[in-house]
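A, B, C and D label the chains in the order they appear, each numbered from 1.
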Amino acid sequence: MDLTLSPAEEEFRDTLRAWIADNHPGKEPEGDEASFAFRRDWQQKLNERGWAGLTWPEEYGGAGATQIEQAILFEEFARSRAPQMANVLGLTMGGPTVIAHGTDEQKARFLSPILSADEMWCQGFSEPESGSDLASLKTRAVLDGDAYVVTGQKVWTTFAHHSKWCMLLARTNAEAPKHRGLTYFLMDMEQPGVEIRPLVQITGEAEFNELFIEEARIPVENVVGGVDNGWRVAITTLMHERAGLAFALQARVQVALGELADELRGTTDPLIRQRFAQVAIEAQVLRLLAFRGLTSTMKGGEPGPEGSLGKWLWADINQALTTLAMDARGPAAQLVDDTWTYRFLRARANSIEGGTTEILKNIVAERVLGLPRA
Amino acid sequence: MDLTLSPAEEEFRDTLRAWIADNHPGKEPEGDEASFAFRRDWQQKLNERGWAGLTWPEEYGGAGATQIEQAILFEEFARSRAPQMANVLGLTMGGPTVIAHGTDEQKARFLSPILSADEMWCQGFSEPESGSDLASLKTRAVLDGDAYVVTGQKVWTTFAHHSKWCMLLARTNAEAPKHRGLTYFLMDMEQPGVEIRPLVQITGEAEFNELFIEEARIPVENVVGGVDNGWRVAITTLMHERAGLAFALQARVQVALGELADELRGTTDPLIRQRFAQVAIEAQVLRLLAFRGLTSTMKGGEPGPEGSLGKWLWADINQALTTLAMDARGPAAQLVDDTWTYRFLRARANSIEGGTTEILKNIVAERVLGLPRA
Amino acid sequence: MNFDLTEDQREIQRTAREWLASRYPIARVREIALDGGSDATWDEIDELGWPEIADFGMVELAVVAEQLGFSLAPTPLASHWAARLLHPELEGRGTVAMWDGEDGAKLAVPAADVADTIIVQRGDQVFAVPAAEASIEPANALDPTRPLFTVRASGGEEITGDHLARAWHAIYVAAAAESVGVAARVTAMSVEYAKERKQFGRPIGSYQAVSHACAQMFLETEGARNVVLWAAWALDNDPDAAFMAANAAKAYASDAAVNVCRSSMQVHGGIGFTWEHDLHLFFKRAEANARAFGDSTWHREQVAATYL
Amino acid sequence: MNFDLTEDQREIQRTAREWLASRYPIARVREIALDGGSDATWDEIDELGWPEIADFGMVELAVVAEQLGFSLAPTPLASHWAARLLHPELEGRGTVAMWDGEDGAKLAVPAADVADTIIVQRGDQVFAVPAAEASIEPANALDPTRPLFTVRASGGEEITGDHLARAWHAIYVAAAAESVGVAARVTAMSVEYAKERKQFGRPIGSYQAVSHACAQMFLETEGARNVVLWAAWALDNDPDAAFMAANAAKAYASDAAVNVCRSSMQVHGGIGFTWEHDLHLFFKRAEANARAFGDSTWHREQVAATYL
């Protein structure tokens, strides 16, 4: 039991903290385009310093850092209220998947532009009819010469309109059991068969998109991890996403908590104080779950199903935090404000996106506790 | 929409209120025997006035009163903090079942001693292995000449040690589907084959019992509603119990709420005040649900599945109320006090006894909302 | 004793449900609220007699108010009711301005753009200010179906009388009734979706995580309707209980609508989070209405004060 | 950075788990607590070095404390720890008296019958009073595994020093660790029962109403253990965070144990409500411990004060 940093880790933290202080880009601008450009610039700056792919192996342009250093980075980002990097899906999912399952050619082709933010990535897993039941997806890929021809519909593809590449899960074998007939593709978004429609959310923003795929072509060399092996590839990616994101998510909660504390400072309302404290305590619990997950991964390799706890708890916390912020505004919460209205509305999806809380509870019950399947 | 009483109902209320004021037996004594004797005396007094079986037909010793008058009685009992009558199961379940399904001989034999509290009744439905799944019960009754021979085990039989008669549900046909092979018996508790063991609860009291039945004999004339028809008879009884008890339960909540208000009066703690108010509001919601149920029953006859809402909500409220009372005691709640410790512990069973909250939610989901069965 | 609507009240309910469904199908609500379409049904509403329905009774008003919430009709009727309850001699249309923003402005005033008179609360006093003499600027409302304004209004004629305390409580009940309508509509939407939507080969409503959530929605909706009808009835018939009942109704119904909508968002999954789905309109109405005319915490404290 | 026990800490955990399981199987706990059996293991506990385990470190203490809760061992060890943290020079066995009852009595003092010294809090001051000079009467404890006493003790030697604030926070962490043990044991009991108990032909753990309740128990138990270990570690290594962490640990772990036990009562159904089932012993420990050394509301307020 030791939560202190090693001298090397302390040095990394101090270097990082100083660098952020010198390079902090300030407050993120409003609006999709401006915000995207702002985050891309920030990522490029970090990449020039070698820190965009902090834990990626050095041979692929990363810094070969430990997961602890990654955690330090998230915590320092949170402490300094630094923005997110633009290519978050490429950095946390696409890149690691290519590194783990890709061919040498794929590594040479795809990894560097992820880091530099020259090529953004999005994820094409979910479909309208297959939400929690991901493996029931219907998008089909049929081999035609040296390419697959893909037709189907995807939804909830974050940043699709900024993306060059889509991590696409499609059915290549209709005869096989539903988990066994899927293949993981890297699809070029810049082709006529791919139509992107913004999917406006209840916030009024279009953070997500729908993809309408009509005979899009994907060369066979863009299959990752083997034909009909897509479920395994995707699951590894999802597990990494969950483990990696756990730290980023908890760090973002700390940022929001600090902002809310700034607004509430000095309040004497015991109801508000109690609710704030409860969120603050749970945010610590979340942070410690992330530490615990890090320790397990470092010792045991693969992240376990316990990672589901973090995603579940994070959704609870972020909803409680943003609801408290709304309630603290009193009658003025009937009006849209600059910060909290959007966050409150956005947080409603936290318990749905990336695995609903119900599915996560199923996973904990069945895979951690060994309870029988419903 | 009219919550006022008719002149006749007002007169009944005034008469009743005056009578209670003159006859109120004071505070219930501690201890099972003393408390039982106290409640029996109270019932006898009420029966002498003709009010023990208020809604029973006059030909069976009741007052032939309306359900509204019954509701008025419960509310006046609550207002004056009068005790419960001793033979509550005979009055609310046994008697009504005999009246609805019994033979003339059964009516002549059983009804009068229920009212006078000369013969107490208990209920032998639940078994250790069949909790929520009541119809899976295993107690068997085999015809032997002019009597059934019964062997099995029952549990949660309230007041069994005071009771002369047990409403017993036993399997008479092992071949039939589980709901079709049950028969409803009236079993004499005073016979060698019936052993009663007190079932001590977490409160330290033995309000319930286990019944060990070893070749007990029940004459065929004590079958109610026909052989193999016990499920239907029992369900009617349970529905009446739920509808009738709804009023009694909400009235008791009002009493407890008043007692808690007396203790908390003047508190300035906003957390306690908020929680108290929430319980008070939900207690009103419960009361209105009971009114609504009464109106529906008066118009439509049989109580509907909506009755499940009252039992469910009552359990929530009583648990919240007693937990609040514990919390308001602060560190002193580590010690047993005269009132609230027992009630707090006792309330834990509220969401289990008489239909678990989970089963009630299933009933609402499936039978009221028409959602598919799990 | 009859805890049910009378035949006349049922007739009012039916008329309101049908008229609002025909004039304000949800597609039309979206047009008016989201695309800035215009709404010109006040004359018809006037013919129906709804602006003066409080004269029939508070139960009648609550019945129509529930249907306003159910339909999300973007009409200023509820705001007018509030003004007229405070100012029974009101001529023309009214609205009520309560919350103090900075530098004397009143925040989140509904329907100020179409009001003739603005009833302004200042401390414990209430004044009637002609809208023409006030400064009225559009504000950015969370709930797009009910536009809000920032109002600056000084002077005016003070309204006095014994009716004021009852009027405020009647306003709480009317707002609570709207929340009941929202809760009822969203509960029905959720149940319907839970029957249709399949995952892992089964309707999601066959999972207890979903079916118990729906049962909870039903419990809170029924409970809220009952407590609102009781409070409405008490305002006309049981003055001793009426004020506490009105506070209880506003607290419980506000929470019910908010809880139902949040839970429904979870039952609907991703689709319910989209702009094109109607759920967010109900969700925003529930959240906004819960904060109008006192939030649940404030109303609960009023209830606590009657007991403690 | 290693958020896990060291090999030495694991060894302590293993020893505690095994020793307590052998000396205090639940049947023995029932004998001592419910039937008034006698307990004479202090000398063995002394040999294990547990009375002074705080000298090794707070994580070590928390590890043993969790096992005390897990086993429900009716030993006065935790009370002694509390006394020794406040009074490091304590000789013999101690306990702590905090809450003022009427007329100068201290309520709910654990293990006063076997203590040599009673550490008495008076306002912000702390005094060591020889037990022989105090009046000690048995009280009626909710939790039968931890007898409580009403103590009247005047005078005594004041204990001063910089260690006091840390000592109180260490006491919170120790109490919180006991609650983690209770939560862990009850979560395991619930999961086991949910696998075995069948209704309608299926294990009840296959219903989401039960399986999700168990998942929630697991989340809160894991969360509570992590926050307790963090606070314990911080008391020795990160003074800036330690006090807030200790308050957070006591609030969260108290609630976790209480929530887990209440939920477990529901999962167990009727059987869990009987005296002969062990669940109520854990339930009562959770409820009592949540109210010892400050309830969750008080500890949350301390956390709020560090942010707001």
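Here is the rule we use: a contact is a pair of C-beta atoms (placed from the backbone, for glycine too) under 8 Å apart; a residue touches a chain by one contact, two chains touch by 3 or more.
As the structure is a prediction and not an experimental result, all values here were calculated from the model.
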item	value
Shared interface partners, meaning chains that touch subunit B and subunit D	A, C
Touching both subunit C and subunit D (chains)	A, B
Selected pair, greater C-beta contact count between B-C and A-C	B-C
Centre-of-Cα separation between subunit D and subunit A, whole angstrom	39
For subunit A paired with subunit B, centre-to-centre distance based on mean C-alpha positions, whole Å	54
For subunit C, residues contacting two or more additional chains	207-210, 212, 297
Two or more partner chains touched - positions in subunit A	270-271, 274, 358, 361, 374
Arrangement of touching chains [line / ring / star / complete / other]	complete
Complex contacts: residues of subunit A adjacent to subunit D	1-6, 9, 68, 71, 257, 261, 264-267, 270, 273-274, 276-278, 280-282, 284-285, 288-289, 291-292, 294-296, 299, 306, 309, 312-313, 358, 361-362, 364-366, 368-374
Residues of subunit D touching subunit B in the complex	98-99, 101, 107-108, 139-143, 148, 199-200, 207, 209-210, 262, 265-266, 269-271, 273-276, 279-280, 283-284, 287-288, 291-292, 295, 297
For the subunit A and subunit C complex, residues of the former touching the latter	126, 128, 130-133, 136, 155-156, 199-202, 204, 271, 326-327, 330-336, 341, 345, 348-349, 351-353, 356-358, 361, 374
Sites on subunit D touched by subunit A in the complex	1-6, 9, 59, 191, 194-195, 202-203, 205-208, 210-212, 214-216, 218-219, 222-224, 226-227, 229-230, 233-234, 237-238, 245, 248, 251-252, 297, 300-301, 303-304, 307-308
Subunit D residues touching subunit C - in the complex, by the definition given at the top	207-209, 212
